[in-house]
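Shared between the two complexes below is subunit A, which has subunit B as its partner in the first and subunit C in the second.
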Partner chain A sequence: MDRVIAFPLMGNYHVPAKYLLSKISDCKVMDAPKITSKTIELGSKNSPDFVCMPFKYTLGTYIECLDMGANTLIQMGGGCRYGYYSELQEKILKDLGYDFEYYNLVSKGYADIFKIYNTLKKINPKLKKIKSIYHFIITKNMVKYIDKIEDYIRGNKGFEEVDGCFDKEFNDMLNSYLNNKGLISLYLRYKKYKKRIKNIKLKKIDKRIKIGVIGELYTLMEPFANYNIEDALYKFNVEVKRFTNVTYLLFEKGKKSKKYLKKLNNVKYKMGADALDNIYYTKYLIDNKYDGIIHIKSSFCTPEIGSMGIINKMCEENDMPVLFMSMDSNTSKVGMETRLEAFYDMIEMRKNNG
Partner chain B sequence: MKIGIPRSLYYYYFKDLWINFFDFLDIDIIVSPKTTREILDLGINNSVDEMCLSMKNYIGHVFYLKDKCDYILIPRIDNYGLDNQTCTNFLSSYDIINNLIDTKILNYNINLRNNETELSGLFKISSLLGIDKGKMKKAYIYAKEKEKSIRESKIKENIEKLNSNKKKILLVGHPYNLYDELIGKQVIKMLTDLDIEIIYSDLFDTNDEFKYYSKELYWKYSKDNIGSIVKCKDKIDGIIFISSFPCGLDSLVNELVIRKLDKPYINLIIDDVESSGGIETRIESFVDIINS
Partner chain C sequence: MDKCYLGVDIGSISTKGVIIDSNYNILSSNYIWTEGSPIEAVKRLIPTLKVPDGYKLSGIGTTGSARKLIGLMLGANIVKNEIIAHAIGTLNYYPDCKTILEIGGQDSKIIIINNGIITDYAMNTLCAAGTGSFLSSQSKRIGVDINDFGDMALNSKNPVKIAARCTVFAESDLIHKAQLGYKKEDIVAGLCKSIVLNYLNNVGKGKKIREPIVFQGGVSKNKGVVKYFNEVLNTKVIVDDNSHLMGAIGVAILSAKDNSNLDFNLDINDIKFETKGFECHGCSNSCEIVKIFKDDKFIDAFGNRCDKTIRIKQ
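Let's look at the complex of A and B:
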């Protein structure tokens, strides 16, 4: 049996993930189909009622991939309920009659490099340590480069003179990353596209409206899960700031969240998953005079629900507009856009009135 | 000086320890009364809409106490080791409440991965209250022994019930839901009226039994719940799962167990405590099935 690997989508990170898996497994790596309303329907139908949305999205993606011929599924756990997804998802898919192997790279919310390596070794027994370390480093850099460029794009895409310039260059960049031939080749590609993206012409606007987007990680990073809220914001000519990305979650969170805790005087402990981080971001956005904050999460996300009360209080005390959005499979895109428009109008009025 | 203890969440895990501990030290405590509609409404009005019913209930109890005492006791439980974590509400309740009320909070943290134990936590709050270390240690040993003997007798009673001739139903749920006046007590009352012997999931000594159903489980309180099913599943006639809406752990763990279960069961998710009609109908028909 030829192995066909599939994994759930999140933002643009399927590019580095695909690169890594195809380099170190010698197997076919499937491009999971883009999430559509059909994916959500499939996922919701087979999930427990009040589980959070990422469970339903990834389950839907798995079903679609299995139907397309995948036979090895990979899941990454996280620091909250996410860490326990895998066991139940495997059971649900087996109950549906699918035949496949299921690997969970991170369990109990703590990433263990040796465990990840051993799991990958099960998928590809011929895996060499040196080779895998080399490709790990390339992948790590790729993620870092993507995050850096995305960060710049978020700040400026709302002001591009010709629509679609950023998208075109960015997609070209992702494609070129997939074909890189090593560390240096990757770096050169990054340099080349960085230059091209920074040269894109921007409209000159005096008072830029700046909005910070915070919240639960999956819903933030997967555009379909948040109904493409960032693109909706660019239409209003807005500068968007988002802190959460994979570089942060995998490589920086451990150290930084301890620092955040020290800088906050209204919170004493970590509050699970990214709740503390988001409270810190709120402080950062207030201190740096942003014009508004949008907090996004999937319904039933317990850690974020815990942080919401505190974030709301901070914003009230500092006269900062904040919009809370809870996404589930019944949220309508139009409803979200209406709320966003009203929020933007309010911010714009505040800005113009001084 | 008076210390307030909210009758919800942590209370059901630590009540015997706390009550005896403060009793030994001659410190006045006030425990909030059994949940009433007014207390729950206090919680609902002061919490974020999407919080789970149990958390809202807890906040209600805190608000009931906030002007009636000098300190409110709110611990935080991070973990009992890497494999024994807790629900995020146990991680965040201190900070959530500290941002809601002005009453002083007595807080200690249990994080065994970081060597923060129950004893060191109680040490911390005792020194804050000006109690000397030797006395505090005696109180802790006294309270711990009391707690142990109370629990042992309760477990014994629970296990003896398994030999009863009546039909036996295992109630699986977190103790703060099972024993809460508005959440679990209504179910217990209905079952007692129907002449059912009730076994409680929290009154078992469990270890690794949960592995029968789930290999990767890493939440301590869910392990206890699931372990109890493994311990007594051959002696009971049915299982009732009770969770509060929308419990994060139960949404996954109960679903996985139910998919592997070979016993009659119902899964009660308690959201609206306003009317018990729906629950009553379900319980009655469930008991009919078991009796037939």
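Let's look at the complex of A and C:
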């Protein structure tokens, strides 16, 4: 039987994930269908009701992929309830009668390269060490480049003169990354698109409104999960800052946590998942005179519930507007739009009145 | 000719309309039930609001949950969310107000104001707990007219304790207490108190409520709720005579400030407005899209995630 690999979607990271898996496994890697309300419907129907939202999203994607012929599923694990996703999802899918193999690449929240290698070796026994290391490095760089460009785009997309320029260049870049030939070819592509994207004409605005978005990682990084909150903010001509990305989560988080603990005097220990990080970001945003903070999480996200109280207090003490939003598998956008619009109006009023 | 401005606040339960002059004095106002159909409600509302002789309508603003739809229908120059509209309206009457408590039909909010600028706000999560619709559904259950609710609550000496966190728990609490034989007025008073506690627990959580406090929205007309706000907050909350109109006044003021040069026209009764809901099958998102037709001519649509449908349907 030919192996067909599928993995869940999150933001634009299907590009590096697909690249890595197709180079290393020598088998077909499926393009998972885009997340739509059908995905969520499938996921919610087969999930426990009170599980957090990413579980429902990824389970829905798995079901769609299995129906399309996938037979090997890849999941990552995380430092919170995310760490238990794989066991539960595997069981639910087996109970639904699907026949497949299930692999968890990351456990305990860190990307342990040897463990990933061993797991991949199970998928492709012919895998060579040198080859896999080479492709790991390429993938790592690809993720890094995507994150760097995305960071620039987030800061400037709200001010583009012609709508859609950033999107077009960025999508071209992702497509070109997918068929790159090696490290240098990837670097040249990055340079080329970086130059193009930096050349996009921007409107000049004196007082830019700057908003930081923080919160739970999946809800932040998958636009469908947060009703495309970043695009909604760009429409108000806002500069958006987001810290959480895959480069950070996989390669930097482990080192930085200790630094954050030292710098914060109101937190004594890590609070699970990204709670500590978000508290530090709040401090950063306050210190750097941002105009507002939006904290989004999926409902029932325990680490973030823990951080919200502290973030609220910090914002209150420093007179920083903060908006908390909880997302679940509902698909009505209206409630969010009202809150976002009011949040923006409030910030604008504050800014114009000193 | 003097200028005047129309503000319409279309909520889930009631529709409010007000016409103000350029000094923001109310020229005429009305308050009717939405009865589930915002278009019909506005059609009934508009003829009752007379533009006085010698005035020219120079701006229309809409707010409330149907603000977009009605904004299109009336050709409004300002379509604004309820939070800003309520704050602007209230600040016009109480410039030194620091906290606005608002409880409406399907949502409730708290707005914190500092030196005339909104500095913080919170809305209830997407659940109707502790709002007017909970009160009205419970009033039906115990067979008391919602208009008598407040007076009845004032008569109670011993309000029953009702769980405040969630309406499902509150409702089962209420049924148990009724079966135990508590007096109706004690139950009604308990309900009013539970609204207050629920509001302060959920919406007002973590917010500093400072005086002067203005309480508004449809529920502010309920004397029982006002009494328990005073009791729990240990102060006196201000309830304006026009507290139910504040959103409409606010958005009328905003439309006045906008200085629009558009032509405004209130002869909407002869114009046919129609909305058609349908499910787009362009992709598996299956967006529920509402299309709006003015005299059978397509004017706009919402609910779409992409512009595919708009292109097809034009």
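Descriptive notes on the structure:
In this section, the second predicted complex is superposed on the first by the 349 of 354 C-alpha atoms of A that agree within 3 Å, B and C clash if a C-alpha of one lies under 4 Å from a C-alpha of the other, contacts with A are read in each partner's own complex, and residues count from 1 in each chain.
We adopt the following convention: contacts are C-beta pairs under 8 Å (C-beta built on N, C-alpha and C of every residue); 3 or more make two chains touch, one makes a residue touch a chain.
Quick caveat: nothing in here was measured; it's all calculated off a predicted structure.
Considered on the superposed subunit A, subunit B and subunit C are sterically compatible, since they fit side by side.
In the superposition on chain A, A:P33 makes contact with subunit C only, while subunit B stays out of contact range.
Using the contact criterion defined above for the overlaid structures, shared-chain residue A:L73 touches neither subunit B nor subunit C, since it reaches no partner. Of the two partner chains, subunit C is the only one touched by A:D345; subunit B is not. Residue contacts after overlaying the shared chain place A:N353 against subunit C, while subunit B stays out of touching range. Within the superposed three-chain model, A:S326 lies in touch with subunit B and with subunit C [touch as defined at top]. In the superposed model, more residues of subunit A are touched by B than by the other of subunit B and subunit C.
Looking at the shared chain after the overlay, A:K91 reaches subunit B, while subunit C stays out of its contact range. Note on the composite model: angle subunit B-subunit A-subunit C, taken at the C-alpha centres, equals 80°, rounded to the nearest 10.
Within the superposed three-chain model, A:I209 lies out of touch with both subunit B and subunit C [touch as defined at top]. Between subunit B and subunit C in the chain A overlay, the least Cα distance found is 6 Å.
The residues of subunit A shared by its contacts with subunit B and with subunit C are 309, 326. For subunit B in complex with subunit A, the residues that touch the partner chain are 47-48, 50-52, 76, 78, 82-83, 85, 87-89, 91-96, 98-100, 107, 109, 214-219, 245-249, 251-256, 259-260, 269. Subunit A makes touch with subunit B in their complex at residues 48-52, 55, 80-81, 83-88, 91-92, 95, 104, 107-110, 266-273, 275, 299-300, 302-303, 305-310, 313, 326. Of all residues in subunit A, those touching subunit C in their complex are 33, 36-39, 309, 312, 316, 319, 321, 326, 330, 332, 334-335, 338-339, 341-343, 345-346, 349-350, 353. Those residues of subunit C that touch subunit A in the complex are listed here as 65, 80-84, 115-121, 123, 125-126, 206, 208, 283-287.
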